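Should a chain be cited, it is by its letter among A, B and C, assigned in written order, with residues numbered from 1 in that chain.
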Amino acid sequence: MTVVADTEADAGQKAVAERVRKIREAQDTGVSRAEGWRRRGPLLPALIFMIVVTQIPFLFTLYYSTLSWNLVRPGSRRFVGLQNYIAVVKDSQFWSVSFNTVILIVGVVLISAVVGLLLALLLDRAFLGRGIVRTLLITPFLVTPVAAALIWKTTILDPTNGILNWVLSLVGIGKVDWIGQFPLPAVMVELIWQWTPFMMLLILAGLQSMPRDILEAGGVDGANAFQLFRELTLPHLRRFIELGVVLGAIYLVNTFDVIYMMTQGGPGIASANLPFYIYQRAFLGFDMGQAAAMGVVVVIFTMIIASFALRLIFKSFSGKEEAA
Amino acid sequence: MATITYRNASCIYAQAETLAVDSLNLDIQDGEFVVLVGPSGSGKSTALRMLAGLEDIDEGSIEIGGKDMTGVPSKDRDIAMVFQNYALYPNKTVAENMGFALKLRGVSAGERRKKVEEAAKVLDLTEYLDRKPAKLSGGQRQRVAMGRAIVREPQVFCMDEPLSNLDAKLRVQTRTQIAALQRRLGTTTVYVTHDQVEAMTMGDRVAVLKGGKLQQFASPSELYDKPKNAFVAGFIGSPAMNLVTAPITSDGIRIGESTLELERDEMALLADAGLKEVTIGVRPEQLELSESGGVEVIVDLVEDLGSEAYLYTHAGAGIQLVARSLPRSPARLADTVRLRRTPDGVVHLFHPDTGERIG
Amino acid sequence: MTTAPATISKRKARKFSPWAVVAWIVALGFFFPVFWMVLTAFKQEGDAATSPPKLFFTPTLDQFKAVFDQGIGPAMLNSLFATGLSTLLVLLLGVPAAFALSLRPVRKTQDALFFFMSTKMLPIVAAILPLYVIVSNIGLLDNIWALVILYTSMNLPIAVWMMRSFFLEVPGELLEAASLDGASLWRSVREVILPLVSPGIAATALICVIFAWNEFFFAVNLTAVNAQTMPVYLVGFIAGEGQYWAVLSAAATMAALPVILCGWFAQNKLVRGLSFGAIK
């Protein structure tokens, strides 16, 4: 190619880019704007509804957090700026409860993801009664959490008559007061029981969407089952596991029912998580200002983690590619 | 009268800074079967979709029957389209698929049934009328897609690579059926394909596109005999035309160690153009084995097709030449043979930089 | 429609492979608490809290009768109302939103979706205080409508997310074909898209029903006697019945059973929904 031809090509490209720019400019005005609104139209009702119902209360929470306000002392409401926040930071119980919350979320999500993965692998092959097994396995996810927590607390974990202790007594372990002595683990076990089906289904979907022929190719190339799993299956499942972890974490941040029913956060605050603790402050202690401040702190922490999480979901599952 | 006119029509890609279709100018007569052909990314599908109203006309205009289609939505253009993946409505039966457009127009159920049954008879779909697309084979679905288009009796048919999802044998069969059908109905048709064999056999005229730009718009025989540039020359015909860029000598061109001789008028054209190098094009069937003279080559591969054979050779320094010869030819792998042009063989001359035809 | 990559594994596992046995054992283990709950509901109190636990006994319906007598009716109705109506609202608001976000993408599509998902991430506990104040100020405390609105906002993000993925599965060509056939947008949606997407919408509705029915936090804080839903009723029941396990199990069973049955019967839809249309 001669030098002359190169610059000609460049000039040609520039001319094209110029024309494209002119066309785009013309498009951006007038007609397409009306079309844009028409396209966005169906979205508006839902959007407006969400803004009103979720954002406005949160703005109020921000406002309340700057007040010293106790519901049993009406008329004592006054503006105190950031005092509530300082009190929250100084509140050792708050930190201990935060710690519980983190342990709870991380523990439940990780364990249920792992167990879910194992179960998904088990269910990936056809066997007699697979449909029934799947039905049985998704049931914990369907049961009303308070009802499930009730059953766990009474019939299973009760020190005297609970099934768990009876089974353990068969192998010689004495009676343990699970809820009294290990409140947080007890709550976590119940949550793992409830959330594993969700993880399992998600991962199973991932397994079943994987093309089989690459596994066959790997097998022919000499990989054993474990290697196939590690090199081929697991990377493919990563998206699904991530989605399960993120969604599970989102829901678990708000866990309340189980703690309310099983331990009431106790003994003391040993098994309280942030939502329960805030609930106690607000509805049992009637200290709205403090509770609001705690709520805001929780929101800030969650937002930081959530922004990572959202980026993750969008990277893995940005719609259009999936539909291609 | 369903004439179609593309006037400097352009379309930009959604996210990019380039033109998918660049100033396309086509004049299509009423009842003509025009094929848009080119490699992927050539803009042929986009050009078709512009006609159907599925892509915006960003510059220029498109007229159907003399009426400007800018701003006219697809549903008002009276165009029927056969999609590459057929786009059959999965929840409707074959009959419902075919009758949908008529239903939208308010045609009575009885009339609809009649028209659908007529079309079904032509396409051999009568026994499938009450089935849903999921229960049909690929070939049957393709026919339903055609039926859906025919029933409408539109002024234009658009077909976007309708045969590419069929197996080879079915493709050949359906090709002839489509061409015959169009001739019977007389509807103006614009057909997109990447397969130049389809283009050559089906089209009244063929438009070759590359990079969004029209290369040549002519009848198949004209494309074959007088390609306007090196790209068209190399694209049309199978096996492809041999294109070699080589230096010009006193009586021809040097290929490898040998010289391919040129006629005097061809040499004169080259002299007029003042070139030191030229790109020549010779079709495989216009090269033959010879005892002496011509170009010395080494045989890389012999494809014996039974009725004829193709020799794939090279003449040093990566210059490859394909020649046609008689079947069960005397040449074998790694032989050194000589190729020369046949007595009536045509050598096309193209400018080595622009690719434009010389003479 | 093109074929999906291998769906169910057809690996010729022998039907009684050891892994199948493991799967069965694990499944029964997971199911056990639910089984025990239902079983205990049929026991006399004397048979309920024993050690060792009793597997065989004479069943009775007394516990269920006792629960009915205590007035579970209103709570059941409240739950039905709140769940049904909120799910309906979610669909009414969510289907158009999901449609707008998928089939006709505009700039800012990602932003809107981001916003929807972000509302889900903010801990509801942060909003409960002003919600309590607002709800009581507009006189909706202990009114089922408060729950209807809140459940709608609770489920709408997930619903939009899920339904959008189902909408995205519809090949764009179908809309183009309908448009060429002469259909207006509304007609295309009605005749072509909705039939295709309806299993996905059903799956979404099922998920909404599950979450709404089982919801406790909003219900316990914003309702008292009139508008209490099943979970709240259950908690109130415990306060009264303390250590009487059999009747508690009966109440728990009645609270949980509707959704369990829904989930079982619509299992495939549930699985589809939970995998967010990730299976093609």
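A few notes on this one:
Quick note on the criterion: a contact is a pair of C-beta atoms (placed from the backbone, for glycine too) under 8 Å apart; a residue touches a chain by one contact, two chains touch by 3 or more.
All figures in this text were calculated on a predicted structure; none of them were measured in a lab.
Chains making contact with subunit A as well as with subunit B: C.
The pair with more inter-chain C-beta contacts, choosing from B-C and A-C, is A-C. With centres taken as mean Cα positions, subunit B sits 54 Å from subunit A.
Subunit B and subunit C, compared by their mean Cα positions, are separated by 55 Å. Chain centres here are Cα means. That of subunit A falls 16 Å from that of subunit C. Multi-chain contact residues, meaning those touching two or more other chains, do not occur anywhere in subunit B. Within subunit C, the positions touching two or more other chains are listed as 171. Of all the residues in subunit A, the ones that touch subunit B in their complex are 1-2, 5, 16-17, 19-20, 23-24, 27. Those residues of subunit A whose C-beta lies close enough to touch subunit C in the complex are 36, 39-43, 45-47, 49-50, 53-58, 60-61, 63-64, 119, 122-130, 132-148, 150-152, 154-156, 158, 160-161, 163, 165-166, 193, 196-198, 201-202, 204-206, 208-212, 240, 243, 250, 253-254, 256-257, 260-261, 274-275, 278-279, 282-283, 288, 291-292, 295-296, 298-299, 302-303, 306, 309-310, 313-314, 317, 319-320, 322-323. Note for the complex: subunit B touches subunit A at residues 10, 12, 17-19, 22, 58-59, 353.
Within the complex, the subunit B residues that touch subunit C are 52-54, 73-77, 79-81, 83, 85, 87-91, 100-101, 104-105, 133-134, 148, 152. Within the complex formed with subunit A, the residues of subunit C that make contact are 4-11, 13, 15-17, 19-20, 22-24, 26-28, 30-31, 33-34, 36-37, 40, 48-53, 93-94, 96-97, 99-102, 104-108, 110, 112-134, 149-150, 152-153, 156-157, 160, 164-165, 168-171, 210, 213-214, 216-217, 220-221, 230-231, 234-235, 238, 243, 245, 248-249, 252-253, 255-256, 259-260, 262-264, 267, 270-271, 274-280.
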